[in-house]
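The following blocks contain the structures, represented as structure tokens.
Shared between the two complexes below is subunit A, which has subunit B as its partner in the first and subunit C in the second.
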Partner chain A sequence: MTWSKLLTPNHCRSLWLSSSTSPPAEESRTSWRCCWGTGRYTHVQYERLGADVTMQCGAMDGDAAVTWTANGTDMDESQFNGSRLVLRSVDLTHSGQYACYEGSSWHLKYQTYLKVGTSPKEPVLMCRSNNYPKGFYCSWHLPSPTYIPNAFNITVMHGPRELVCEKDAFPKNRCHIRYLQLFSTVKYKVTLTVTNALGRNATTITFDEFAIVKPDPPENVVAKPVSNNPRRLEVRWQNPSSWPDPESFPLKFFLRYRPLILDQWQHVSDLSIAFTEGQGVGGKAGGLLGCRGPSLQPPPCLNSGVWGGNFCPPFLSLYPAHFSTGKQGGKEGRGV
Partner chain B sequence: MLYVAGEISGDSWGIFAFLCAALWNLPTVPALNSTDEVGTGQSIQKTYDLTRYLEYQLRTLAGTYLNYLGPPFNEPDFNPPRMTMGEMVPSATVDFELWRSLNDNARLAANYRAYTHLLCYLRGMDGQVAKAELRKNLGHFCTSLQGLVVSIASVMSSLGYPLPSPLGSTDPTWAQGPHATSPHNDFLKKMDDFWLLKELQTWLWRSAKDFNRLKKKVPPAALMLRLEARGF
Partner chain C sequence: MASAEQTPVTLQHHNLCSRAILLAGKIRSDVASLLESYVERQGLDRTISLDSVDGVPRAAVEQGDELTEAERLGANLQAYWAFQVLLGEVLEEQRSHLTPLDTDFHASIQSVLLQVAALAYQLEELLALLGHGRPAWEAAGPEDPGHRSLFEMKLRGLKVLQELAHWTVRSVRDLRQVTKHSRGSGTAHRGQAQKE
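Showing the complex of A and B:
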């Protein structure tokens, strides 16, 4: 069977339906579209979720007879208002390509791609230095999706001076800043603006240099039983590789462990000797079988940011009274 | 930073100047006795511990004091432009490479100078505070801070470094704040207090790292010093 460009979409479709062969593959359906249009999107239209959308069929008269298609499928005339298409209270399923054809000639008069979305809500922004004293990074996200493309712009002010935040290739919603000076008394102020076709929003955070220092969890945490003493576990770990200078800025580690049969974590209190990289610590475990192994979290006593402003006792190996049970900053050891 | 109120007479100023000067001319800290059990390493450790303790104390004190000053000083996002305070107190802010390359003497001297200035200003602040409870806490903090100054001096002395000379002489004018000439500018005075606490907080944050570096580097040298003292 051959078809020429005089065939209407309806004809194209009915030809397909009457054929005894199985439905054509997607590629040939695309080529069918060539007979009614190029299929290229030259116009994109963004509309708000829940809004009413009216589309004009190009320069056609208000009462002209037209046919609208949505993604290639004819639309029901009940949605037409003369030659205009009216979509009420649009939702995400309305997104797609809309085209308008003159009644008899099937000339393509108008084409647009409709994208339904929302304007951005206030973005969530956080900054953190896991590589002190080199610099810090800021990362952000939107609390709920907008369903349409968003553009982000970030500015970092340090007093009167604006700093350059270099965007990371991956992940895309992150950028990093190098410290130009250490031990600054001036706060950093970071503003993130998010813009899309339907609106914009922004958020700002202000912080001191020391308030955002938080190292990554320790690496290669391994717990092994001690050969002659089954009640003891030897734990080894390494400084996080992102921490550039453990010599000048040492990390302090806190160790806790919990046999599976118990609900409470136990803290190892005398870690004062075990600050060096890779050094082992003996810890008691209540029975090796089913022991989950310890979880290490290094909130450094260099800063109080991790503990929300609680002090880190200077010369006693006490732990802050509340110990965060979240996995953030912690890591499960590979125990027995 | 010091606010020259109209009521302070010349005599009071004289006494104050004397106190500040006295702080500079500390009685000689006895050098480490060769029989002294406490090594320089432990002195440094104690100084380090003291900075951490002071950092903790300051957190409570600063919170209370800023509330006493009232808004906007006690607002967490308060981020005013820096004014002339920076000229009066040596700032902790420093380029990283420069900080890392400081020799022990320079490092200790910077700390010593900073805390001596800060202590002096704090004492000036103490006299102005209306609330008794706050004054008591400030006083206690000042005493602890004095302990830190002495501790630093002791470390310097045990290593054979001379104590830095005061930046200004015993002339009280250097001890006055930038707004001494406008005695009735309450807001600017509060600004000075704000920046003083900020500078103190930053110095304590920095000092922990200074002393941490010293901890690692000094003990062998101290040992050598002791051997020299014994004539080896």
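Showing the complex of A and C:
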């Protein structure tokens, strides 16, 4: 395969990124891109931040008289070495369209799009299950931008078995994996590789099935004063809709509250959603929230959730989840 | 819950399931603590691979595997029978070879062993109440305990505790499934009775 054979109007992306085979090393910093409507094909060149870059004017002799332009503007001859253009210690402002014209005829001899960037640093990768036992997702990002296009490849291994990670349409830096097994002690190993024209990097994380379980915040959190009892507040909430099986894997909730004049939070814990025919039962008694309900055995907590702060008035937070083996789970929770 | 709508057998079944669920949860909590002290005392890294350790019932199930009520309860019971034997071996190895002076540690293993025995008994009762036969007793793996190195003993003990921890989570799920199905069956029976 040669690059020229791939140059049709239908191949306008950086071809080396979409190719299943690696380009030759000397080609690794270049690609081809179509200019729609012009019928011309532009050479794209990737160079490392801080590097010295020399551009040849096509097949012109080394001492031929030429004119170089950058983004359509003539460049100063002090940057020429004969017919070559020399850019010292390039930075991001050097990115742009460079063209070389024969001195007298002004024939275009060479054109390239220079993109200055960096090789990728080690990516940041995390995985989480907010819908156990259905599956989990992994998401990633780069700690600093490279300023040039990057390609990401993720592999998920469960023992000897490779699992499929289905990429999300949006955001693009996330993919989903379905659990093929449950309650397995075999660890999951996820490797993310990021590659661009200037290099590659990778990271691997290993985790137990339960270690990444982290439910979403509770939904529809509402706090209302209790009539004729100004010292009491009724709080209602629901399981996160993303939690698929609260009966088999019930959630436990923690609630905290404070009068606005105080800085410290009071906590109400051990709130399981135990519900029969629409009624909710709270956790233990305490403070402004005089909760009542059955005392619960210490649950086998597997992981922590997040405070549902977005859903609460500023004096109230609902912390949505370990999952427990308390009493039967239900749909709606209420504390009074 | 209106008891008039439920038969005494159903109520007893629900009570047994609830008690078993709570006990499984308690075991899970105690094993989680025991695991922390185990790795510390044995000088192990929690991430060490235990794939080579055989003879420990694996909690893993294929997603979507639909088991009957009898199969679910039977698999759990067989596992806890095996864990009774395995925990006994772990305890003996700790007493005789690995941590002979650490009686507090032995007591915590013993406590878990007793709870596992209690859970096995509850599962036996539940199976009998539901009219299912007891599963066959399957002996542990072929490995001869006498030929284990000290390191192998340590790894095996860790494997036992890890799988036990995962079994308790599976047991809670399985018991809740059994409870859910029996509620559905109870509703069907009540409907049938009303028509008649």
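One rule holds for everything that comes next: the second predicted complex is superposed on the first by the 228 of 336 C-alpha atoms of A that agree within 3 Å, B and C clash if a C-alpha of one lies under 4 Å from a C-alpha of the other, contacts with A are read in each partner's own complex, and residues count from 1 in each chain.
The rule we apply is simple: contacts are C-beta pairs under 8 Å (C-beta built on N, C-alpha and C of every residue); 3 or more make two chains touch, one makes a residue touch a chain.
These numbers were taken from a predicted model, which means no experiment stands behind them.
**Q** Which of the two partners, first being subunit B and second being subunit C, lies in contact with A:Gly117: first, second, both, or neither?
**A** neither
**Q** Contacts for A:Gly72 in the overlay, against subunit B (first) and subunit C (second): which applies, first, second, both or neither?
**A** After superposing on A, A:Gly72 lies clear of both subunit B and subunit C.
**Q** With both complexes superposed on chain A, which partner does A:Lys189 reach: first (subunit B), second (subunit C), both or neither?
**A** first
**Q** Between subunit B (first) and subunit C (second), which, if any, makes contact with A:Phe249: first, second, both or neither?
**A** Both partners, subunit B and subunit C.
**Q** Can A:Pro133 be said to touch subunit B (first), subunit C (second), both, or neither?
**A** It touches subunit B and subunit C both.
**Q** After the superposition on A, what does A:Pro218 contact: first (subunit B), second (subunit C), both or neither?
**A** A:Pro218 contacts neither subunit B nor subunit C.
**Q** Just subunit B (first), just subunit C (second), both, or neither: which does A:Gln181 touch?
**A** both
**Q** First (subunit B), second (subunit C), both or neither: which does A:Pro240 touch?
**A** neither
**Q** Can you list the residues of subunit A that touch subunit B in one structure and subunit C in the other?
**A** Of subunit A, residues 133, 159, 179-187, 206, 210, 247-249, 301-302 contact subunit B in one complex and subunit C in the other.
**Q** Which of the residues in subunit C come into contact with subunit A in the complex?
**A** 1, 18, 21-22, 24-26, 28-29, 32, 47, 50-51, 58-63, 159, 162-163, 166-170, 172-173, 176-177, 179-180
**Q** Within their complex, state which residues of subunit B touch subunit A.
**A** 48-53, 55-56, 59, 76-77, 79, 81-82, 91-96, 99-100, 195, 198-199, 201-203, 205-206, 208-209, 212-213, 216
**Q** Quick one: in the complex, what on subunit A touches subunit C?
**A** 133, 159, 178-187, 206, 209-210, 247-249, 276, 297-302, 324-328
**Q** With touch defined as at the start, can you tell me which subunit A residues reach subunit B in the complex?
**A** Listed in rising order, the residues are 133, 159-160, 179-187, 189, 206, 210, 247-250, 301-302, 304, 309, 311-315.
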